[in-house]
Amino acid sequence: MKVAVVGVGNNTSALVQGLALYRDSGSLVGIRRPVIDGLGVGDIDIVAAFATSAEKIGRDLTEAIFLPPNNFPRLDCDLPSAGVPVTKGLVDASEVPRVAAALAGAEVLLYSAPSGRPETARAYAEAAHTAGVAFINTTADPVARDPRLLDRFAAAGLPLIGDDLASQFGTSVLHNALLRLLAERGLTLVSSYQVNLGGTEDFRNLVENPNTKAQSKLNALSAADKVQVAPLGYLSQLKSQKVAHLNLEAQGWGGTAVSVDVKLTVHDPSGAAGVNIDLIRLAASALRTGQGGYRAEAASLLKSPPGTAI
Amino acid sequence: MKVAVVGVGNNTSALVQGLALYRDSGSLVGIRRPVIDGLGVGDIDIVAAFATSAEKIGRDLTEAIFLPPNNFPRLDCDLPSAGVPVTKGLVDASEVPRVAAALAGAEVLLYSAPSGRPETARAYAEAAHTAGVAFINTTADPVARDPRLLDRFAAAGLPLIGDDLASQFGTSVLHNALLRLLAERGLTLVSSYQVNLGGTEDFRNLVENPNTKAQSKLNALSAADKVQVAPLGYLSQLKSQKVAHLNLEAQGWGGTAVSVDVKLTVHDPSGAAGVNIDLIRLAASALRTGQGGYRAEAASLLKSPPGTAI
Amino acid sequence: MKVAVVGVGNNTSALVQGLALYRDSGSLVGIRRPVIDGLGVGDIDIVAAFATSAEKIGRDLTEAIFLPPNNFPRLDCDLPSAGVPVTKGLVDASEVPRVAAALAGAEVLLYSAPSGRPETARAYAEAAHTAGVAFINTTADPVARDPRLLDRFAAAGLPLIGDDLASQFGTSVLHNALLRLLAERGLTLVSSYQVNLGGTEDFRNLVENPNTKAQSKLNALSAADKVQVAPLGYLSQLKSQKVAHLNLEAQGWGGTAVSVDVKLTVHDPSGAAGVNIDLIRLAASALRTGQGGYRAEAASLLKSPPGTAI
Amino acid sequence: MKVAVVGVGNNTSALVQGLALYRDSGSLVGIRRPVIDGLGVGDIDIVAAFATSAEKIGRDLTEAIFLPPNNFPRLDCDLPSAGVPVTKGLVDASEVPRVAAALAGAEVLLYSAPSGRPETARAYAEAAHTAGVAFINTTADPVARDPRLLDRFAAAGLPLIGDDLASQFGTSVLHNALLRLLAERGLTLVSSYQVNLGGTEDFRNLVENPNTKAQSKLNALSAADKVQVAPLGYLSQLKSQKVAHLNLEAQGWGGTAVSVDVKLTVHDPSGAAGVNIDLIRLAASALRTGQGGYRAEAASLLKSPPGTAI
């Protein structure tokens, strides 16, 4: 599969390094689905990358992924030069034709920039449409949820998959599993909290623009009326790690107390890459078989698939 | 339902107090199934109780449950005298007729003595059979797993449900749920441990006779080759609480580390009572409708149902 | 000792209930210094209380302390009516004479209102000065740090003790002890964080006006350059409990990793009352022996004693 | 300093690798005292090593330290061949002369074998005495506590330092610090536990021969009557890491609950090497200045210095 990426942040660093590692080692550690529609983890070549940071533009992708503020660790694998210099990303819709031209040869465009710039996200989708390339939106910005856009991709036989990637293993996944387990065993939830701490640039952005993140986290949780989400904490020392502290207080037989306290430590960019590897294969396979539009199989990998509120 | 119990330890204390509390309050806190086959939580009367401790024999059941070494807490509810004096339990098979006579009027005999005395367990089962009473074995001693005995109960139209109660919410339930969640999300387990600390007499017995308990715990866990179970720790200060520390170390995308650390605090006797309340109703309902033998619906409440190794 | 209090919040609830409990029980549980200058814990009578909430004014102190938003738990002790109706507190300096008159018979005025209203704090100090009463400022507002005011109290033979109470056992105390222990054993600190969660009205105020609190927390910590303090989290479900999660990552011999993870759970108002009980006795004893002004012995109980920055 | 070691286990691995790392890097990470009596961390040469394992004998020390069951990690530093082949250790006293001869050129003999073989420990001490070499006993076997032996070393102007090394940072150090902190702040301890898990061969030996270890741990703790120590758990997956879970339940003002839960993760062999580096310098400096016998300055580094019970 020939893949182009928008955004050369931590998530792209995790993806690029992981692809090299898996190809070298033949390992399947941390891989949810070794093969999707006949496509393996190592069957991916990154053929283009777009970014807006002046320091990154023009550098080889394999160097650019280590520039600050990126802080995902260097994995223990050879990383030969990709031969892919980072291209200047688009700033407004007038640049769609330039980007579309740069997508020649790509099958999938993975949009992995920070959330919060819907116009930009859609401009890249337009470029993909123009170039005949499948589009994946990993951000919360509404792209695949836009029915008009989705129809146009479908009509053109081009896959459009999104929005908002659900981490392979994050706080919501874990918290929900515990809430469900308590309910299933007949315990009565009294109260529960989660607090998330992280050190990536993404995390800092979320802290500074908290608007709907806490609410979105609550929406993701069953039993939400008993669950409280503390403000995100940006702690630079954590680098690309996320640390979450969870507590669940419940009552069992006779009202006696049951307490569960959890500390979760995880690399956020790995959680993204571990899902992107599946989204890319779903998109590429659909493109090759001429299935345009959304692909329902992706639903469990997304927080806001088509049909959810914008 | 008219129920007799063998054993006046913490589990019986939790059951007796909980029944009073639920009847008084109408609450359903901590109840997994409010109604089973039309039978509610409050529809139970304890009509006989057997014990071997000289201090307990002759005392009203509602007093005997608070005698040492019992240390389950006093719940916040009125506990009027049961009018049920504790009866001397049987020591050998010659006493089966005496016990059978004492079961007159009971529908279900709940065997809730310590594990490790299979002859005693079977003698009580004989007494139940003689008296025409359903039998529930909550211990690890093989009773319902004995095909000959099971056949005899079935032939007599008497339910026989066991063996070895699975706690409503304990370490195995939680550890397994986490192991399964990691696997389902595609993480690769590196290592995992659990250590269990408790302060009940049951716990002390297990510590002193650890034989197969650690192995049985491992059997209960998926991914058992990566999981290690530390020796049980008897800490009297915990009283009827159990504390478990769990750790799971895994690898996600690119082999990056994922750690989950958990502390669980729970009252062991509540975990037993919360399951006994379901077993009793399953047994009583089966007796009333003439279904003898085992009842498959009980499988999820038992560690060693019929068909598992003895 | 005859004591008047300003503020009928959680801290006053903890103080009032605790005084009753200790007097009844003769217990010394949780008491740091049973006797100070011959004065015991039980030798205190609350003789006046000031508040601004319309619901509290006119109610007996022993009822008012349970009105929302107060959420400190009801301790297990008899609490006979104090015979002390809550008095309307002052809003501006014109009311100083009224308050001074209401202080007749008191020896100590404990200022235990929320931080952030320095004019009010000083007006109460004026009232105490007028009435010949010792003054304790438990808030961060500068009162004892005001040299002119301190001189006037000293000249009048009136104790003035403050500012800003240091909790008997809180996050800073614990975090500092751990940081010092690591240093003393020769470990090299790599990084450390703390996150504080709480459910009191005080906590909510701090979250909404975070200005200098995180910085002040950092100031309180040794090795501050390696320590990061996450934003406070207001979680109403915690009520008067505070929960703190601490982490310390260090290196030992050969640079190998040492990790310490801590969860602290504590009732904030108890931490205040446990210190107020000492401050009151220090103030009363000084008043009785004619020592005006500040009392150096209080330094370890305060965050901002005289001489620290305003 | 010219140092010989008995025992080529994890602790020696940590020492040997750490010496190379500190010499290379000039780092002082994890070092408690950079200089003792003018002696730096890098001023040490290992000149002889004794072991009993057939696999280790004859191998260069820098290879032997990585043979199983050793599982201390390989530190990130160059480790050039030491030019020191591992010598066959002594089995009985008849071999003292051979070992003494092999100590020619050494100033200090560090006895770092497993605890539990007092005859062997003393035979090595004899060899050191014969060879005019200072002796350090890091095991619990009584050597420096033997007054007759100590007198002979003193008379010969030879240092004898022991017994039983106290880890630089272990469970006892941390637990004690927390118990003392609670007491100092006036909290009343209700209960406290610790459970230790580890994966070294030393740990496995302790688990299999638990005799006095739990009691010795209790002796090391203040407030011991409220503290319970769970059985050690040998978990091979932890390798050279030790994990301890600590809990402290206390009461503050008004009897309200204060809870502290701690997880400590540390490499046991590093804790030993970080103390051995100080003991070696104390011994070498004393030898060079002709101070025979025990050295009081070592007391804080030892669990059982001369004068404590045997």
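Quick notes on this structure:
Per-chain numbering from 1; labels A, B, C and D assigned in written order.
Operating definition for what follows: contacts are C-beta pairs under 8 Å (C-beta built on N, C-alpha and C of every residue); 3 or more make two chains touch, one makes a residue touch a chain.
Everything numeric in this text was worked out from a predicted model, so none of it was measured.
Path length between chain A and chain D in the touching-chain graph (shortest route): 2.
Annotation of chain A and chain C: not jointly contacted by any chain, touch as defined at the top. Work out the mean CA point of chain A and of chain B, and you get 45 Å between them.
Here the CA centre of chain B is 48 Å from the CA centre of chain C. Of all residues in chain C, those that touch two or more other chains are 261, 263. In this structure, the chains touch in the following pairs: A-B, A-C, B-D, C-D. Within the complex, the chain C residues that touch chain D are 14, 17-18, 21-22, 27-33, 73, 75-76, 168-169, 173-174, 177-178, 181-182, 185-188, 250-267, 270-271, 273-274, 277.
For chain C in complex with chain A, the touching residues are 191-193, 195, 197, 207, 226, 228, 230-233, 235-238, 243, 245, 247, 261, 263.
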